[in-house]
Each structure stands twice: as C-alpha cells, then as structure tokens.
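Look at the two complexes coming up: subunit A is in both, with subunit B in one and subunit C in the other.
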Partner chain A sequence: MGALLATPRGWVESLGTLVKFFGRVVGEVLGLRVLRFFGEALRQAGILILSSALVIWSLCFIIGLQCGIEGAYFNRSVGSPAYAGVFAAWCDLRELIPYAFAYMMAAKVGTGIVAELGSMRISDEIDALEVMGISSMTFLCATRLLAAWMVLPFVYIAGIGVGFLASYIAVVQQIAEVSAGGFSLIFWMFQNPPDLLYSLIKAMSMATIIVLVGCYYGYNAGGGPVGVGTATAKSMVVNIVLVHLLGMLGTQVFWGANPRAPIGG
Partner chain B sequence: MTRFDDDVRAPGPGEPPAPGEDPGGVEPLRREDIEADPPAPDPSAPSAGAAAVTREPAPAGGEDEFQWHTGRQHDSGKPAIEFIDVHKAFGRNRILRGLNMSLPEGRISMILGPSGTGKSVCIKHMVGLLYPDEGDVLVHGESVPSMADDDLFEMRKKFGVLFQDGALFGSMNLYDNVAFPLRQHTDKGEDEIGDIVNRRLSEVGLGDANDKMPNELSGGMRKRAGFARALVLDPDIVLFDEPDSGLDPVRTALLCELIQEIHDENGGAYVVITHDIASARRVAEHISVLWRGRIVESGPAQALFNSDNPFVRQFLSAEVHGPLGME
Partner chain C sequence: MMILTGKTIVSALRPPYPYGGEFISQFLFALRLCWFPLLVSTVAFGYGAPGLQAANFLVLFGALDRLGGFFVLASIREFAPVVTSIVLAGVAGTAITADLGARKIREELDALQVLGVDPVKNLVVPRFLALMLVTGLFDVYALLFGIFGGVLATLVNGAPLGPFWATFFTNASTVDLWGSVLKCTGFGAIIAIVCCYKGMTASGGAEGVGRAVNQAVVIAFLGVFSFNYVFTQTLLATHPEILAIR
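And then the complex of A and B:
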C-alpha cells in the first residue's frame, strides 16, 4: 500500500514545491524587491524582444493564415462564404493565437531559461551569486518574470495583429470569395475590446506560467549536463500541459457562459 | 586540559603507540589529561584563544573507522571560522559526522583530505549555502545557520570565493565579471570601479584580457579571473575550492605563489580546499586533515608534516601503505 501511494505522494510533493517556488518568485516581483536589479530586468526584456518576438510573430502569421483558410473553405462549403470572418475572428483571438504564442514561448523562452539557469547551476554560477551576497532567486528568476510582464503584452498584441493580417490575406486575397469590406464587417462584428482583454489575460497567464516553470526547472537543475537536458525536456512537457489547461479554463471562464456573439439579436 | 605553546599530541581512541621520537620534542599528553577533557565543545564558550587541545567525542559504539581520528587541534590563535560538532547527510550518505574544526584568522589554512570526504561541503557550510543537520558553524563568532536571510547576505560580503572552475558568469566579459560585485554592493562610479577592476586583473596577470568572454579563457585563466573577482570587495575571508584541479603542475605552482603573494599583501583568512600535497607544502600555514567527515588532525603546517599519526603521515607523504586504501 505504501509503495502504491509513494508515486502520487511524490507528485503532490513536487506540486507543492513548484507552487512554493512560484509564490516566492511572484512575491519578489510584487514586493518590488526585484527593482534592485531593474537593470538586469531591462536586459532580459531586451533579450526577449530581440530573440523571441520575431519567431512568435512568425508562428502567429502561419496560424492566422490557417484560421483564414479553414474559415473560408468551411463557410464556402455551407454556402455562406461571406461569413468566413466569423471563424477567423474567433479562431485567431480566442484560441489559436494564444496557443501559438504560448507554444513558441515554451519552446523558445521557457527552454532557454531552463538551459541558461541550469548551466549556471551546474557551473556554480548561482552559488557564486549567493556568496556575493546577491539573492539568486531575485536576480535570476524575478527579473525574468518582470521582463516578461513588461514586454510580452506588447509582443502578444502585435502577434494578434499579425494573425489578423494573415487571416485577411488568406480569406480576401488568396481564396477571394469575399470582399475586403465584407470580411471586415463580419470579422469586427464578432469581436470587441473586452474579447481582446480576455485574450490578453489568457496569453499572459500562459506566459507567466511558462517563465515560472522554466525558472523552476533551471534553478533546481542538477546532475550535470544530462540533468540540464532532462530538466529542459520536463519543463516542456509541464508547460504544454499547463498551457492547455489554462487555455481550456480561459475559454470556459471568458466565453463559456456568454459566447459574446451578435447572433439572434 | 593541557595547553602547550604550539604543538600538542594526544593519543586518540584506539590509536597505536606513537613510533620512535616525539616530533618537535613535545611532551605527550597524559592519560589523566585526556580523561579530563570534556567530551564535546561548548558552542557558547568563547572561542578566541581557545584551549590548545579539543577532542572530538568518541564515536558511539567505538567503531574502528575513527581509530586514526585523534581530533588533535594545535592552538593556532584566534579562529575566523569554527565548526562545532557538525553533522550533514545527503539522504543516507553521511558526509560530515561530528566535525570540529577551527580555521585561524590571518593565515592561509588548508583543508586536506581524500576525495569525497566532505571538503567542498565544508565551504558551502561556511557561506551558508548548506546548513548542518546538527551542530553549528561560526564565522567571526556568529552562528551562520541561525542568521536571517538579510543577515546572511550581509555576512557573505565578508567572503570571496574561488570556485573550482572560476564560476564566471558566461553572459559577461571578464571586466564585467570582476566589476559585478562592485556594481551591486558599492556606490562607486564607473571610473573608480574601472581602476579597481584593472588593478585586480593586473594582479592576477589578466590585465589585457578585459574584453574576453569566459569561454575564450583557459582553465587557469578562468581560475585567476575568479580569484580577481573574489578579491574585488577586499573580503576578510577568501575560500578556494580546489584551485589546483585541472591545472598542470607549473600553473598550480604559479597559482599557489599568487595566492601567497596576495595574502601577504591583503591579509585575512584564506581557506584552501585541496588534496594536492605539493600545494599544501607550498602555501599552507595551517592544515586540517579531514577524513570520513571528521578532522583527523589539525594544526600548523609544520606540525602536521611532522605528525606521527599514521593516517596523516601516509596522506601528507602520499604513501601507498597505511590506513588509507582504495575503498
């Protein structure tokens, strides 16, 4: 019986450790102790913009094309090609742009954080920070979270714009069964500013979790280079699962009870 | 308890009779003195100028594995760092097993011992990166494990630590690595920081490598750069974790010479962890021999090199025959 319970007990312990770590890092940011290293936070923000924004927008563009193409062909098949914008609007803003953003965040930023912090851990750089009298958790983790909060809302909103543009290109220019004006009328009718806000909240929750998971697995990496590799893989698995859980919850909370669609008056 | 000026001998539990002459002509400790010794040090007792001999408590059950651990600690003056009956285990692996050790102020101390005996664990206890399961670690008389986080970070500013591979930050060049503690902990302007950094880098022979990234440096250069960074805040205590690992004998000798020169110039307590006897002969002023998580013997370097303890003698002369085997 004890052996049977050992595995779930281990999971619960790991979850508790994870949540405690998240709490400490978020506390360092909200408690403003991170501002002591604001320069480092700005440096991390710069790294995020320069190294990740373009790949995130690229994936958003592809996903936007996909939503547009899918919407156009589906609506044509049911005899309402003019309504392709409905599908594109919902697909882009509510579901796939947040996922595309989160996938690329997990793949590029999350794994990058694990690899960087993990290699710092195994080469004693984190211990070196500590013995210099610097809180390594604040310097390494809280600054990354603050940088993500400063930069990613803008990156994400720009990503939505890129996705919208791609959907427009797919529906109006590529498949071309609806005029630009007709597409825009329907497209904008099926979304409004609160939807944008909800989408932003959804994506930022995902981004926060991705950064925290990356920090956790990197900061606590051990076992040499192999251990860092294992931690990177684990972080990716955890991030993908958590991203989908957050996506599902966000859809349920923001659009479940009220789909916010101008249908039936 | 009996006090001698510099060198005290006491047979440990199960220790074989001392062979031949008494090195240094020191009077042996009498049996009644040993029996009169307290079994364990009192953490609250003043440590400065402590009595010449302290003895580790006899291991429970009288197991043979500690038969060479006399626990003799020759009086070496005011301690900078003290370990008081420290126990530390990682899972079922017991690393420190009742460690009592005192490292003197103002000298270059070496902690010597075979691989895997807990030398690096000792360093991590000194700076509060690890806490003992039992016992206490004192730095300048203050208990490290009982410090609040803020006090601990403040206390760590007393330390400079040279890690095995230098532990330079991979994202910064050499100049920024060395300047980093100054930028974080002082209000100095960039000009003043530049002067200090250039001086420290020149001292370690890296004056012209300011712009190099850590991955462009050799192992020896990384260690020297780590040394420069460790010194940049003028710490009271400098810790070296195996500074000779991965270096050829000539570069090891040069690094030892550098350590000695900089200690002569700056003073403070330097603690070097190593298992390289040649380095010990070159720079050590005080030696503690650690094995199986306890001190076998500790004292001024000359006294240890002349010790009649079979383990110490074997280890310090790198002999094949003796208590230490491959196990």
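And then the complex of A and C:
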C-alpha cells in the first residue's frame, strides 16, 4: 500500500517546484525579456511547423474519421442519419480534436523538448550558456514557449479543419447516408464562433502546459543517458494527467452550464 | 518491426519458457506505474467529454435517462480502450523504451547476446505478454471509472441514478464488452512491439535514448488510432445488432 501511494505523494511534492518553474518561464515571456532572443524563438517556431505540424494533423484526421463513423452509426440507430453532422461538430470541435492535438503535442513536442534539453543538461551545455552570461532559462525555455504561442493557434485551427474534413469523408463519402448539403446544414447549425474560440482556449492552455512540463523535465534532467530517458518518460505521465484534467475543466467551464445548441428555448 | 513481431510470437510459443519471473515483474511494474494516471484520466475524460456534453444535449430533450445508453456507446466502445492505450503508451511504453534504450547504449544487450541469452526471448517476450495482459485488464478498470465519470455527470445535473443504470444495462451487450477488451489487448500488443523495437534500436548516447522515446510514443499513438479505426469499423459493420437502441 505504501508503495502504491508513493507515486501520488511524490507528485504533490514536485507540484510546488513545477509551479515555481512555470511562473518563472511565463514571467520571462510576458516580461518581454525573451525578445532579446527573438531569432531563436523564430527558429523554434520553424522547427515546430516543419517537424510536428504534419504528425499532429494526421492524428486529427484519424480522430475525425473515428468521430464520423461513430456519429453516423449512432444516428442511424436512432433513425436520424441526417443528423450525423451534430455529432461531427460537437465531437470534433469541442472534445476530441483538442484531446488529439494535446496527445500528439505531448508525444511529439513535449518529449522532444525533454530529450533535447535533457541531453544539453547532461553534456553541460546549459552550464556553458550560463558561464557565457546568457540566461539559459530565457534562451532555452522562454523562447520555446513564445514559439509555441506564435505558431500553435494556427496549427490547431488547421487541425480542426483536418478533423472536419475527415468527418465529412467518413459520414458523406464512406457511410453515405446523408447528402453533402444536408450534412453541411446541420454541421454548421450546431456550432458558432464562440465555440471555436473556447475550443482554441482549451487547446492552447493544454499546449502551454505541455511545453512547460517538457522544459521543466528537460532542464532538470540528471543522471546520465538513462536519466534523459527516464525524464522523458516521466514528463509524458505528468502531461497525460494534466491534459485530461484541463480537458474536463474546460468542458465544465465553457459548456457545463450552457450547451449552446440551437434546440428549444 | 514486423520482423520483431514475428520473432516475438515465435519465441513466445516455442519452449523453453524462461521468461516467467520477468513477466511477473513487468506486469507488476506496469500496474504500479499506471493505476493512478489511468484513474484520473478516465474519470476526467468520462465526466467531461461524453458525460457533460451528452448530458447537455439530452437535458434539452428532457431525456437524461438515456445517458446510460449513450455511455455504452461512448465508454465501452470508444473511450475506455482509447484512454487506456494512451495512458499505457505514455506511461508504461515510454518507461520500457527508456529502459531498453539505456541498456542498448550501455551495450548490455550485446553483452547478453555474447552470453548466449536471447534478448528477444528474455526481454521482449515478457514485456509483450505483460503489456497485452495488463492493457486488456486495465480496459475493465477504465470502463468502471469512465462510467463513474458518467455517474458524476448525472448527479451534477441533479438526476436520479436509477434510469441511468436501467438504460445502461438494457443497452449493454456482451459483444460490446468482448470487442472492447479484444481491441484493448491489440493496442497493448502494438504499444509493446513499437516501444521494444525503438528501445532496442536506440543509438547515439543520451540524446538517442530521448529521441527513441519520442519516436516510440508518436508511432504508438498513430498505430493505436489507426488500428482503432479499422477495428471499430469492422465491429460495427459485422455486428449490426449492437447498434439497436433498446
């Protein structure tokens, strides 16, 4: 029992240091000290676009297909195949695309940052930066956060588009029980710009947390090559739990009291 | 990776079977690592995504009792296996890759081979079997807590639980349950093979291990979701009776 409870207890302990680290990095970005290294931030943004965007979109695509077929079969079973668009709109926009985005962010970008910063830490490159008079926290962590904030909203919105396209393919082309026009009518009726904004806020808060967790575990890695691997694995655990909690919180705050659906009064 | 899969299955079946102890320790390792993240994730997911959103939708029609029936579709068929596989890949899978990768770059795997110990039989096979078993079992655990999330959503809406359970049990079918568990076992196999392969082919020092973990998670996620799509599609198309709303 003691061994079982050791994990959660360790988490509570490390939560404090985690929050302190987050505060410092966010302070560096919002205090505009990061602008001294704007070139580095742009380079990180380029890396995000070139190496991660496509992988994120491919997961969004698969999830969109999934939503599409589940929605189409469910609506067929209640005798309203024409309403498959509701399922596609809600499932994609509100819940699953943010989750898919966050999962892939955690897997690709989060662990990537840990691996990169971790190997810098254990080969003493971070200490070398400090010796040269460059604030390593600003140069390594704050630039990555700024890059994420600059690029990811657009990557995310494109991801939603990819998910919608996949749902359309699954519902209209594959299952083929509703016409393209009928799908579009219902699909656009059941969403509006505030929904997109809420979904964006939800996904961006997840992405921020993922980048910060990645920076924390990479920056504080130790214990040789094995340590980098363990830190990478650990960051993934923390990311998964935080992503799910944020997802639940976002749903509760944005849609918990108001379903925002064009039905009834 | 396909070659590794073939080798793993062949050497799992062919005697002798020296991997019993390692199998048990890996099984307990995955169990100890995953139970808490999985608990938090499934309750949060079950409460947020299918719970609140579907409850919102159903409340508009005054048909909140149908939430139980919806949870059969949402939790058993989709979310429980998917969330289980995400957590297992992210937690146990990454740990396996980090472990095997570290052994690879410290040349322990080569040393094993020199000693005449087959790394596939003694390291990969127990992890493969343990992860498959543990993912299948965790699916049931995820189901319970996912439905607990649904119960929370019902209670938040101030509705009684009796109708929730009534529609839940009339809509639940054994096909759904075995489909879910089978799917999840398949996920476990994918995760184990990808993570072992990436760990055993890690190279290039510290950064290599980190990069191996990174690639392992990405490939495992994509593999799991693609398999999920194909499996769900096949299950829904071949068993139309599970779609009937009762």
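Just so we're on the same page, the second predicted complex is superposed on the first by the 251 of 265 C-alpha atoms of A that agree within 3 Å, B and C clash if a C-alpha of one lies under 4 Å from a C-alpha of the other, contacts with A are read in each partner's own complex, and residues count from 1 in each chain.
The rule we apply is simple: a contact is a pair of C-beta atoms (placed from the backbone, for glycine too) under 8 Å apart; a residue touches a chain by one contact, two chains touch by 3 or more.
On a predicted model such as this, the values are computed, not experimentally measured, just so you know.
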item	value
Subunit B versus subunit C as contact partner of A:64, first or second or both or neither	neither
Which superposed partner A:226 touches (first subunit B, second subunit C, both, neither)	second
Touched partner set for A:81, first subunit B, second subunit C, both or neither	neither
Touching partner for A:106 - first (subunit B), second (subunit C), both, neither	second
Which superposed partner A:131 touches (first subunit B, second subunit C, both, neither)	first
Which superposed partner A:163 touches (first subunit B, second subunit C, both, neither)	neither
Partner chain(s) touched by A:123 [first = subunit B, second = subunit C, both, neither]	both
Contacts of A:239 with subunit B and subunit C, given as first, second, both or neither	second
Touched partner set for A:95, first subunit B, second subunit C, both or neither	second
Residues of subunit A touched, compared between subunit B and subunit C (which is higher)	C
Footprint overlap on subunit A, comparing subunit B with subunit C	119, 123
Contact footprint of subunit B on subunit A as seen in their complex	119-120, 123-125, 127-128, 130-135
Contact set on subunit B toward subunit A in their complex	124, 127, 129, 149, 153-157, 159, 161, 163-165, 167-170, 180-181, 184-185
Footprint of subunit C on subunit A - complex, ascending	3-4, 7-8, 55, 58-59, 62-63, 65-66, 69-70, 73-74, 76-78, 86, 90, 94-96, 99, 103-104, 106-108, 111-112, 114-116, 118-119, 122-123, 224-233, 236-237, 239-241, 244-245, 247-252, 255-256, 259, 261, 263-264
Footprint of subunit A on subunit C - complex, ascending	32-33, 35-37, 40-41, 44-45, 47-49, 52-53, 56-57, 59-61, 73, 77-78, 83, 86-87, 90-91, 94-95, 97-99, 101-102, 105-106, 156, 205-214, 217-218, 221-222, 225-226, 228-229, 232-233, 236, 243-245
